[in-house]
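Structures follow.
Two complexes are shown next, each including chain A; its partner changes from chain B in the first to chain C in the second.
Our next item is the complex of A and B:
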């Protein structure tokens, strides 16, 4: 996992604070769910599985949404390296 | 009881650092009484009696060394004065030059050297950046329209047009560039700095160097919200290791002595140096508020006491400025005008 992700602060309401840049973000319930799994070091496959088990989505949709979300995290510099 | 004079007590829309310094001194472990040094009877700090026990109107530094020092010695002999923390660029050269003289009268300071003070000019940035291995936006120093148009041609729009010490504008075309160039020349004279625009997070570090390569604490922040004059109104502490280690390299390479503000743009691992100020910034109370009381530490260094050096502040502490007001008596103002002190 990118070191960066382990350093960001994440609260139960989906508020993210990046202590290196001072930037803050909010994510919805699904985003928070994915971020927590990423922080735990789960693989793409494991996260997709958790998504289909928890939310009413099929595997393809979950995978597509995960890739989208991960790209967003990269764009904001919250994710480094290629963990998923 | 230590008696300490602080300048820059103009807590206005472009605030001086004095009020923030005084707030830090009030939280000192030492017993400190703070005096305000003002240049105008309207400076709000004069009337903030909960911070400044007394205030004095000073002659302008441009009027020369003698009247200025005489005024400080007047304060010393009538009310006692152990140290001065000057906070304005315009008075620093005089204080630096007169520091031994003041010391001989028992008035202590803890200031950068003359050479260090000169580094605040933006024309010195490439030299600093090279020595501490950070980047600097590509820079041209211009003194004519011809050089200006050559510089913008080389750098490409948008560009920053800056005075050597003050003012910075972003120009998107040659007519804007020319107009900002004119306005800087009219207000501050030549030369004018033309600089590449770099993207990233604007971050600042406040600190106090010990003069031997070490420091009495650093605090890194990011401005979240600024006024139309570019002054911080809301901010957050950050812990950016690249930024903090660049600042430590700066302190050790130049053996910085006294207060400073280190302004950068941070883009991932790249640190671009924007400006170095040889004094506390107006938001210095932020450091005190996160447990690194830099005004207190600087005072201790000036007094020859050993200041604390811990600076393990947390990231994510929020700084909030606000406007406030109070009512006092006209006689307060009257005394400042007629006696030059209150």
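Our next item is the complex of A and C:
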């Protein structure tokens, strides 16, 4: 997992701060859940599995949403290259 | 037990936004599960998506509101339904039941009104192109014809000779009322003296009886003052005509143009604030009339209001077919309805409601239609929570001009239903299929394929 993510500050309320750019963000509960797993270096497969185990969501939707979320992170410069 | 799921969302915070976050667009959404008590899902199950839904209750209510605003202020008022705004039989029938006559602008609309049972003398025939045969029919059937140009005067004189009658006609005027752009292409210009020339021409021909004046200053007019100017100029001109030529002007038809509670693009105030009430328009029109008419003279005031009456009675149910992320970072949805059936999306920003509770913060997004065309954009920027595939959106108001200007392009046109005042749901136009489109086509024998 890229070291970019490891530098990012993240609190329980879903507030994110990127010390490199000074930008702040907010994520919802699911977003926070995914970010934590990404920070731990979990793979896409593992994250989808955790999502379906924790939340009331099927694998296809979770997979789809994860791709979309990761794309957003990348657009905000919070992920670099091909982390996932 | 598993926790409720919410699609993951990340939003960039702007400086200063955090404190106000509770009231940011991120948490605003509107949910509508039914239309006039009928569940959205039930409607779609039975009639498919997309689906136009009209509320008879709202239509009648709105008409009565507009009508009362005028009849309470002036003793001689006629409402004439502008067919081009919505000429579905069922919609016209409701308004004719309410007492509206028919205002048509082509032989097609004329025929449609006649077929529905409207007598010729209850039809007002406007428009810049009235084919000769249609003028013959209209004169025979006693329709009120408002003349658009000098050629039409000549055409009508010919009809008069042919039928051996003296048709009673009106002329259409255009004028400066302070509204831009000025609609100067229809009728005769007042300020330049062209309108007076038209009257002279009619008088010298001696074959037509001038009995009315017509004008339509534009559409979605937000300034009630413009109507005051229009009415005063029409009354002045009417008396000039009466005094100089001996005609009696029996009606002043001031056209349509009152706005609906819709949001014109580029106007950021909500329609509740930006759009004046119909009472304000009525007050301007009627007090201008009463203050400029001669004592005891009450010519008929005709209104051809279209969108103000029907727009808010119409909804479109559409379904989210796909979601994608654009390279700009913007979220995009592909809907099953686009500009093919929502012509007014080019000018108006619709009210968007969601058919269910959707959790998660809203994010900026764009709504695309189903056409493989770059122009097919239903809304270029709105805020919606993450919508799962299959979510229905209810767009409104869409009752004016969409079900007439829609086109059969790329996709079939969908069904239209009317919800009655007692909750009846009637199909008033079936969804199209291939037979509707190929019915008029002919394939030359030599091109028949043998595959």
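Following the convention adopted for this analysis, the second predicted complex is superposed on the first by the 84 of 84 C-alpha atoms of A that agree within 3 Å, B and C clash if a C-alpha of one lies under 4 Å from a C-alpha of the other, contacts with A are read in each partner's own complex, and residues count from 1 in each chain.
In this text, contacts are C-beta pairs under 8 Å (C-beta built on N, C-alpha and C of every residue); 3 or more make two chains touch, one makes a residue touch a chain.
What you see is a predicted model; the values in this text were computed from it and never measured.
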item	value
Overlay on chain A: chain C relative to chain B, clash or fit	fit
Geometry of the superposed three-chain model: angle at chain A (Cα centres of chain B and chain C, steps of 10 degrees)	90
Touching partner for A:50 - first (chain B), second (chain C), both, neither	neither
First (chain B), second (chain C), both or neither touched by A:23	both
Partner with the higher number of touched chain A residues, chain C or chain B	C
Touched partner set for A:72, first chain B, second chain C, both or neither	second
Touched partner set for A:9, first chain B, second chain C, both or neither	first
Closest Cα approach, chain C to chain B, once both complexes are overlaid on chain A (Å)	5
Chain A residues contacted in one complex by chain B, in the other by chain C	23-24
Residues of chain A defined as touching chain C within the complex	16, 23-31, 33-34, 51, 53-57, 61, 65-66, 68-69, 71-73, 75-76, 78
Footprint of chain A on chain B - complex, ascending	201, 203, 221-222, 224, 235-241, 266, 268, 315-316
Residues of chain A touching chain B in the complex	9, 17, 19-24, 77
Contacting residues of chain C [partner chain A, same complex]	2-13, 18, 21, 323, 325, 329, 360-361, 386, 388
